[in-house]
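Order of writing sets the chain letters: A, B, C and D. Residues in each chain are counted from 1.
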Amino acid sequence: MTVLDHRHPAAVPGWLPGATGPRSDPAPLLPDATPVRVLGTPALEKTDPELLHELYRRLVVGRRYNQQATTLTKQGRLAVYPASTGQEACQVAAAMALGEQDWLFPSYRDTLAVVSRGVDPLEALTLLRGNAHTGYDPKATRTAPLATPLATQAPHAVGLAHAARLAGDPVVALAMLGDGGTSEGDFHEALNFAAVLNAPVVFLVQNNGYAISVPLTQQSAAPSLAHKAVGYGIPGRLVDGNDAPALHAVLTEAVERARSGGGPTLIEALTYRIEAHTNADDATRYREDDEVAAWREHDPILLMERHLAAAGMLDDALVRDCAAQAEDLAARMRAEFHADAQLDPMSLFAHVYAEPTPQLREQADQLAAELAAEAEVHH
Amino acid sequence: MTVLDHRHPAAVPGWLPGATGPRSDPAPLLPDATPVRVLGTPALEKTDPELLHELYRRLVVGRRYNQQATTLTKQGRLAVYPASTGQEACQVAAAMALGEQDWLFPSYRDTLAVVSRGVDPLEALTLLRGNAHTGYDPKATRTAPLATPLATQAPHAVGLAHAARLAGDPVVALAMLGDGGTSEGDFHEALNFAAVLNAPVVFLVQNNGYAISVPLTQQSAAPSLAHKAVGYGIPGRLVDGNDAPALHAVLTEAVERARSGGGPTLIEALTYRIEAHTNADDATRYREDDEVAAWREHDPILLMERHLAAAGMLDDALVRDCAAQAEDLAARMRAEFHADAQLDPMSLFAHVYAEPTPQLREQADQLAAELAAEAEVHH
Amino acid sequence: MTTATPVRGARTASMAQALNSALRDAMQADPAVHVLGEDVGQLGGVFRITDGLTKEFGADRCLDTPLAEAGILGTAVGMAMYGLRPVVEMQFDAFAYPAMEQLFSHVAKMRNRTAGRLPLPITIRIPYGGGIGGVEHHSDSSEAYYTHTPGLHVVTPATVADAYGLLRASIASDDPVVFLEPKRLYWGKTEFDPALPVEPIGRAVLRRTGRSAVLITYGPSLPVCLEAAEAARAEGWDLAVLDLRSLVPFDEQTVCEVVRSIGRAVVVHEASGFGGAGAEIAARVTEKCFHHLAAPVLRVTGFDIPFPPPMLEHHHLPGVDRILDAVARLQWED
Amino acid sequence: MTTATPVRGARTASMAQALNSALRDAMQADPAVHVLGEDVGQLGGVFRITDGLTKEFGADRCLDTPLAEAGILGTAVGMAMYGLRPVVEMQFDAFAYPAMEQLFSHVAKMRNRTAGRLPLPITIRIPYGGGIGGVEHHSDSSEAYYTHTPGLHVVTPATVADAYGLLRASIASDDPVVFLEPKRLYWGKTEFDPALPVEPIGRAVLRRTGRSAVLITYGPSLPVCLEAAEAARAEGWDLAVLDLRSLVPFDEQTVCEVVRSIGRAVVVHEASGFGGAGAEIAARVTEKCFHHLAAPVLRVTGFDIPFPPPMLEHHHLPGVDRILDAVARLQWED
């Protein structure tokens, strides 16, 4: 008996002559008509205050991280930074919904989720600084490298989750994507594999309304991106992506269902990218200031502060402490990145293969000789 | 004002803060719980008898075509034949739902649809005979070459339909796919492009239960393949794929909606592949005889005969005439394919580019010299 | 950033501006020309090559597509089947890879498959190569994948005038053209006049004459080779520099003439050397010019490694010194 | 069709059977080895290479996937990240193209990207090449796309023993290996003993000694070259035949030794010549052995055309006559 033997009711007589309809009921797979919210609803009262405080802390520190990194790009200390400013609730909730043993598969915009998972905040920026492709140890941190080619990390998450399930390990994989990424073939193939394999994987789509300059209306005509789930036979959930406790609840539920053998979930989080796509982008070319302004009113930190304060759950000490922690982090970032990175050019050849080919050995010798000659000149 | 300017209500305030749900109502996009049927339902009475007779004629001739082609593979006169035996209703209904000006984008299994469109029955087999890649003129016949790489023809159909719409031409494109093909990224990307562009294109998925040996349950966990439509914001229809008039009705409706600016439709037709995948396949390795036997009872021709006869709409003269026409076609196929194909090896270089590169010219000279030398030897 | 205002006559322009003009002029000249890709509309492309086209010609002619490269190219195939001349933008080199099946199995083969009845006049613009400090996936040199695929033309300009002229010629071609734009040459300005014709696709151009050896190159490496040739004078070498301009068709005649007359050659490109375009050039030239060669044709290329992170890319990219080292190895003592 | 019953010791076997045994033995030896692909389960693959594996090891170990090659390879990447050793089957050469982005941007680069922390021991089996009368898309020789991609090993057996030995070695490799199986050699049987070790990946093997010239080849062209060498005796030529076995790593040392000692070489492969693997071999050998060459290294390859329809493929594929014509052009008079 294997794990896969019983993934689906084997023979489905519904597809033989006499079939009268779908193999399963689509209704439970469809997202609710209203995005899930906790802030401003009675659910807030029932939420663990410690969780709320931890979410708040991470939001505040995360915002500062985003801001400092953005500033560092302006100073030329980072090659590029795709900020998640405005999307911190998604980033933080994603990290917190996962256990130690779970794996995160972030996209290029999800540095903050990586940091919030516990990866060193500076190592997480190595790619974007430009000194190495990945600064952290994916195995030790159970965090895949930031994926640049869109949606390509989604099948990786499925494969890892599948392998873990085969091993009997209670590991869940969470893949993070953007709204634009849902248009790629890899998104489709990953969701289908996940569903067919019943893999313990959760897909979190941060729908921030744009793929660089392209608005969602030109990306998809679907009722919602969460509605894509039904085409794979998995549940779709729609959640307010700036409501951190709502995200945490929806994600945790999906992670736990996956862990207990219930299969994958597709979650669409409605959010907004406050900064330009990256420091190289000019967002004024494709969106209006009032749109940004409207979303600033729906800022994830603002919402938390407003609702926690209203519920009497936010005290000044906490606010001050979070702010101080944020400033500490920013200072550490400045210190680190204003120093020049130490790099070994010979590292270029070290990890192409387990053993370099004869050709690579020759090329490494060539570069070593060049570097030696240069060093000579400089002495 | 351009065609695309108004493809969707421009600003969708639902996605701004305060969003309460999906941008559009998914309900009308979901397929019915029961596949559409005409045979054995009151709808049959309301169907044009001439249409029914024409469908019947094409089914009978089509079946003979499938059988004769299969026989020719056994005799080594065709390299390969992926028969649509058992799926003839899908094939002929697809062809009949299209107007002269419309385009068909067939997959490798859809030779019969191509023939039923009016392409010469022998030219349609050129690819499978092995003498040339395409035997017919796609532009003159508005029929794309049979697509071998799965689902790759789907975006072509979208692009052509889009171009026609931009030109103001009332042209619809119909793309045919298998159940397995729906797993490919190209399927997903095509449907999404079609929906976003509101292109006049119809996707017909012939769900015959298998992709070579892989049953649908290992291909998809969706309630039905038609349910995939909702993820793109287009209507999904489920139809009995062995009920020719039902297929014709559903396809015609979709084609006409597309033509009148109503956008794309995804249709899933429930059918069965009676023969092995191709003559190179051994279907006993992955399916039971009783499954095949059960579907033989639900054969598209049998169903037509049974229900037309019951309705008093099938007379012997028609049956005899169709059978004779079928035998004529089979005889023509045998005659043609038992003669050896006449081929010009130099054609290999003729159409790689509009103008051959210098390298190709040199290579063509080389082959010409070789052929001349051979001819010398043989004289 | 380019200006959206069209200018006539001789002007100072960057390659980015010249490409923009070429698109605009092609769209003006032929209503069948349609541009599509990611962010090519309102944004004008991430490199602003399509700047202003949607404004001038409407979204129907310059279309922001959903984010799916196979879908983009596949849609372009269908558009071309209906008689249009699509110009596709792939946002960066590595982001063309999802479209490889459409490219290899359809774009390259459709004319041949249909015995000439369904030509696909599609131009696929791909910004390529390194030298701009791009993070991973933004600096690949993928030309070898395309040059090895029969049915594709592969064109890459190295000058502002060629950027304009070759792009116009590519769009006018009845065959699919992979048009590789050297990113790091986008911004340098020179004088050019779009009215002056350039050599056609398939013709190599000698950018500098010389008698000691010839550097055979294309795209982003042309300026590096010209600089190397200049520096070589100090070493007593008089280097010719040949710009291939198109890799397919390959101008064997010109290349061989030059090599035969000089007798020594070095091929220079950014892409990894193993199985790179330089291998074909070296092998072909050697086969055709063997007895004219005083030394083997050498290659100076990127290493056989994934493209490095920004801070290390200068070690990977062929530079003046590495070219001069190769020239020094051309067996001058023989 | 292969038998599903494992046999020990020396035996007569086809390459298909040897590959099947290699998979079975690898799965037996290491529970981390997992096979996945289209129709690899109950059907045993369209070429029956995976015959019986699902029965023996269960569907968890030999998995019929949905029909999506990028999904298959991407899933394998994730499995490898968790410590498994996936063996992926691509059903035919041209059907690997949808997976090119996963291959180029992840499989080839993950070890390097992570400074060795995330190696991907994935074997990608691809039946390739023509000569079996396959219709379009079923006969491509796509090795050049892989050999030009740093981070991939590219291996292709030409004998039954190598099919077994190299596949075992590929699966055991901690790096991704593109394992190209010459379809048309699947069925020919020879004696072989899986217990006898073969030369490792990266080592070329001289299949026939000779003093006039050496034919350098791999995969499906090896038997053709051996036949040509036999036929050449009638013309007075004593041809050596060198089987590369792996294109990456490329056994430069052995190849150069042989070429230097003989002085004349012809590279033979099925793939289109322009930018094919033969270009690299010719260019490299020439560079390293220039003064030992009595004639330029010539290439006999497929034409630069899309793969022809079955009835014409024999005109395209390098045959004995075309090889002998090339040998005749090796400037014997010089």
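By definition in this document, contacts are C-beta pairs under 8 Å (C-beta built on N, C-alpha and C of every residue); 3 or more make two chains touch, one makes a residue touch a chain.
Since the structure is predicted, the reported quantities are computational estimates derived from the model, not experimental observations.
*Asks:* Among all chains, whose Cα centre is located farthest from the one for chain C?
*Replies:* The chain lying farthest from chain C is B.
*Asks:* Applying the document's contact definition, name the chain pair with more C-beta pairs in contact, B-D or A-D.
*Replies:* When A-D is set beside B-D, the one with more contacts is A-D.
*Asks:* Taking each chain's centre as the mean of its CA atoms, how far is chain A from chain C in angstrom?
*Replies:* Result: the chain centres lie 36 Å from each other.
*Asks:* So how far apart, in whole Å, are chain A and chain D when each is placed at the average of its C-alpha atoms?
*Replies:* Taking the mean C-alpha position of each chain, the two centres sit 39 Å apart.
*Asks:* Among the residues of chain A, which are close enough to touch at least two other chains?
*Replies:* Touching at least two other chains: 132-133, 149, 183-186, 188-189, 192, 196, 218-220, 347, 352, 357, 359.
*Asks:* Name the residues of chain C that each touch 2 or more other chains.
*Replies:* Expected reply: 65-66, 68, 70-71, 94, 97-98, 101, 105, 109, 112-113, 136-137, 150-151, 248, 250, 274, 303-306.
*Asks:* Quick check on the complex: what are the chain D residues that touch chain C?
*Replies:* Chain D residues touching chain C: 70, 94, 97-98, 100-101, 104-105, 108-109, 112-113, 136-137, 144-145, 147-148, 150-151, 248, 250, 271-272, 274-280, 282-284, 286-287, 290, 293, 295-299, 303-306.
*Asks:* Would you mind writing out the residues of chain D in touch with chain A in their complex?
*Replies:* It is residues 58-61, 63, 65-66, 68, 70-71, 73-84, 86, 98, 101-102, 105-106, 109-119, 150-151, 153, 173-175, 202, 248-253 of chain D that touch chain A.
*Asks:* Contact residues on chain A for chain C in the complex?
*Replies:* 79-80, 127-133, 148-150, 180-181, 183-186, 211-214, 218-220, 280-282, 285-286, 341, 343, 345, 347-349, 352, 357, 359-360, 363, 367, 370
*Asks:* Chain A touches which residues of chain C in the complex?
*Replies:* Chain C reaches chain A through residues 38-39, 41-44, 46, 64-68, 70-71, 94-95, 97-98, 133-138, 274, 303-306, 308-312, 315-316, 321-322.
*Asks:* Under the stated contact criterion, what part of chain A meets chain B in this complex?
*Replies:* 8-10, 12, 15-26, 29-35, 183-189, 192, 195-196, 198, 207, 209, 216-224, 227-234, 238, 240, 242, 270, 291, 294-295, 297-298
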